[in-house]
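Take a look at the structures listed below.
What follows is chain A paired twice: with chain B in the first complex and chain C in the second.
Moving on to the complex of A and B:
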């Protein structure tokens, strides 16, 4: 018997093919490696110092002494191994590549669309590029990060991914929005 | 004909004719009209019937305080009852119908109530309709409900969409009149992020109906200039058609924007209404002031309006409310209206001033009656004449409209919605907003500055203070030169003496002066009592117009100052808000998010029937061809698990990884059973208590490393346990060095249970799974053939040899498919939560059906788990309370039905054999019940008083809901394999 554990994405089968991108676009990342780093008690500053963004991964604040690490370069296992080596005893590293789904909402109306479900101030002076926060998007808890003036990343628990995409489509009802898997 | 459209003037666009209908009549107005101004332009004075007496009523105001002109707009599913004609923007195709009349507006049978009014005084329903008692619910109340009331709602589904949005700003300005515009302009020029909200469809507020010139130009020109500058500023958001209805904690304001309420054709891509939650660092309330009606005999006749409304209809809408208008005033404002009308060529029948020594002068040629009053009005469905009184001398004065001015009340609702009580100002004879802190300041007429120049100055000044408070420097703003101003001072007059007919205080709820007198006489003189007793201020307008007069009248009757009477309580909403806007997009499938298990696709492919389990969809059972009922499928699944093996999705269980040098100690305190010495690679059943000693949740604890644990929770409590752990670390034991994270969504988890579970699993797993290598309660990492890392736990909920296998979620479907293939030769089947439930009842395992918050570990038969040697754990102290250790507590037992054709249902009560069916004889309850295919009969888990001592006893299971009594035998709750031979195989 052949054993092939082809991975299924949480949104496989729920996102249809699109003919063209529209002014605002929601890209679902299929292959982002995601880990959560929990600073060991009392080691938050040390861990933060090691987690400065580099070409291999990005670290996003997701709570006191807690970060979401996203990497388009690493596979899940190598990301966790790399982080564990770098952080040593300063932190605990937990693979969440299958536990979370990362999406990017980009376009001129991105902030306005998000304001239909997210309570925090998304003005660029208040929530600048590089800032991240755990927020509620309607009923769902997501980690929101600004990646450019008109681009935001959302990281959501896998089981809620479909509900979040449905919500974002509703939030964008009055705006042009297309949804597709990201090409890399 | 009396009311008519003036030949020129006003801000309406006379080049655009807008057709609409009222009660079926085709009429037309102009762009820029409200429904009310268009009705008046068509001489439609009668627009509604009053709530109680069904009296003919006309338009009273030109704004959101309107008590009378409530109409139903639209039809079918888009029917909007109780729409105020005075704020409804006219649009092409608008259909309006009058309310609370039958069969027609002009001929209304309900008006008989007016003739019977002496029997319908305030509180009449407390005194009449008392006998016979049964008649109240069946006859009287339905009758009263039918006769009373305003618009009726419709039940068809609302076809339109709504939206809720958040907005943030440095300064929210509520109201776009002179104070609001000045405040917004100063703040915007100084670099603040500004939101300006206006309930009207046109920005400008009072400037739209004002005639005093600004910089030598009509005030609307000044307003437009300011609005254009604000529009061009990227930091400014202008929200017209937006009512700020509430002020909430943290300076969050609620506002509703009517996005598409002014169009007959609704664009489905946009919401019809949008609910804004505006987070404002500061807010300026520039909501202006409301003109008071005067309380005189017959003051509700169609044609009687506030003077400011009469001016607004003339100046803004180019509509004369009558050909000959009488002005009845207690202050200077009435004279302003008289001037507005004469300048438009409208005749003034007379100016009747209640004051004797006022300095105001009437326009040339207009008769002025000083020290006079109006005591009655004549006419039926429209005003024909008034009766004036001066020094006892009555005079009948022909006129077709009355412009009444009773002074001014600042609009302070928002400032009083968070507990602050209005403060009486003797000087202004009005209730003023209390000091409510720096977050919300009041400007302009809302702060008692009634002159136009004061409004502009006050708005600019209050905004400047906000600018400075936020650390910006104040930009320049040249105050406009203000032309000849009116000082709207007045002498308060709460009711006009000598009324010859009913003098209404609250138009909408038909409360007149005599009702208030009755309230005081019967001991309901307190303002809150009087409100409830008379219903004054309880209508949809919440007494915006009438309350102040009611307070003044109560004060006069009680011989105190209005300050001593005080106001009733201000609460959101300022004006009614539709349920649609409040719900926003949280309807239908968006009312609750759904969660999908990573094995959802696998279950669907295997034909699962799904069931809502909290937010999750879980597979209930997997019907096969030929199975007619769910029981057929479930019984087959149970038998297959007991005889061969089954595969079940258990991914929805909560999973939390715990790290840190104190992780073991932390969990030892969290669970009631000992965890400290759990060996690495082993799992253990864990029971968490609440502080009060009752069971909170159960699950497993696995030690993956010296300082690394994985705990599982029930599906229902996954979130709750995580919060509980956060509380424990942050509040109870911040000294413990522990971190944790929910990993529920990372893993697809499946249970493989049954005597052939090992054989099947071994076909897929590389590692040795022999009992020696993976004994009962082993917890370890394994590698699946094909090189996939997984976690394996030898734990069982069914009592069979069982494992739980966890793989990264995305690989779940493939792993489950591989197991199904490997299991096919061994008779493996997929089973759902129904079979899971039967299996665990047969084995006597508890779930939240048993652990319902009233149950201690000992009640559930788990008392031996309590780590009594432990120094402390959550729930330990209160577990020793007297009542929790009593011998006659209900204890978990099993029940076997003694009558084969009778089943049990959870919730049924237990009675001693022969006892009368009554909860007085209650011996316990059934918590879970099922048909056991293994035992071939109905069984149940139940809680029975001193149950463990009563095995073998015959007992009655009394199901009062179904009216069924079933004999049962009490037994050990472990029905299957009590020696655990299968488990340990």
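Moving on to the complex of A and C:
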């Protein structure tokens, strides 16, 4: 029997249709290609060298020998194929495009909002642009990356996305925040 | 500073990001060791006050197993290292 599968975003029906964009904005990405790369034993340096940022994808540190790869230009299938070719036997590649949700929080109060739920120092000297880390946001483990002085990316497991957005709204209660899907 | 753990991979983090397994000092006996030896290894634990070594996992961070040496009375942390170093691990 044949099934028709429909791609439904984890946050479809829970966000969107905002009347105005506020000073701080949380943009939920609809179709970011995401993969997890785990270096083969003893091959961390080789894998890291191959993953050095280029225009096609971005590697975010998540643990020793482990990275989250995000791409806005690749589709999930082509990202994994590309990474597998580049990394060869140096690492294992697992597609997470439908397993995680990527969000971008940007605005003058972005760091203050995050500080209401994340217990790491977000000062630009300690957590500069380009830095990424797995952190606890209230009760959820997320990958946090600073993409600009006042812009952060969060990557969370799909089934926790709704809870994370709710948490971020609470964390932003004393700041102006709007939430919507990203347009591109 | 009582509840901060300096992870060697992630930096200083709150203890809520970690999960504690317990005493890191018992050494696993040989497979055919006597029942009494296995019983000691499995069930018998000292309950010291002071400086102890424990296995902690950085669940919400790098997810690596760590050996944390701390004082269970003052909560002072003396050292934190990746557990694989103890075994001469691959990373």
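Convention: the second predicted complex is superposed on the first by the 179 of 184 C-alpha atoms of A that agree within 3 Å, B and C clash if a C-alpha of one lies under 4 Å from a C-alpha of the other, contacts with A are read in each partner's own complex, and residues count from 1 in each chain.
Criterion: a residue touches a chain if its C-beta (ideal position, glycine included) is under 8 Å from a C-beta of that chain, and two chains touch if they have at least 3 such contacts.
All values reported here derive from a predicted model rather than from experimental measurement.
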item: Chain touching more of chain A, residue-wise (chain B, chain C); value: B
item: Partner chain(s) touched by A:89 [first = chain B, second = chain C, both, neither]; value: neither
item: Chain B versus chain C as contact partner of A:135, first or second or both or neither; value: second
item: Chain B versus chain C as contact partner of A:44, first or second or both or neither; value: second
item: First, second, both or neither for A:65, with chain B first and chain C second; value: both
item: First (chain B), second (chain C), both or neither touched by A:20; value: neither
item: Which superposed partner A:166 touches (first chain B, second chain C, both, neither); value: first
item: Doubly contacted chain A residues - partners chain C and chain B; value: 41-42, 65-66, 119-120
item: Contact footprint of chain B on chain A as seen in their complex; value: 1-10, 13, 36, 38-42, 65-66, 76, 92, 94-100, 115-121, 123, 126, 138-140, 157-164, 166-167, 170-171, 173-174
item: Complex interface listing, chain A residues touching chain C; value: 41-42, 44, 62-66, 119-120, 133-136, 141
item: Interfacial residue positions of chain C with respect to chain A in the complex; value: 9-14, 16-17, 59-64, 82, 90-91
item: Contact footprint of chain A on chain B as seen in their complex; value: 161, 163-168, 193, 269-271, 277, 279, 585-586, 589-590, 592-598, 601, 616, 657, 659-660, 708, 737-741, 743-747, 763-764, 784-786, 788, 807-815, 818, 821-822
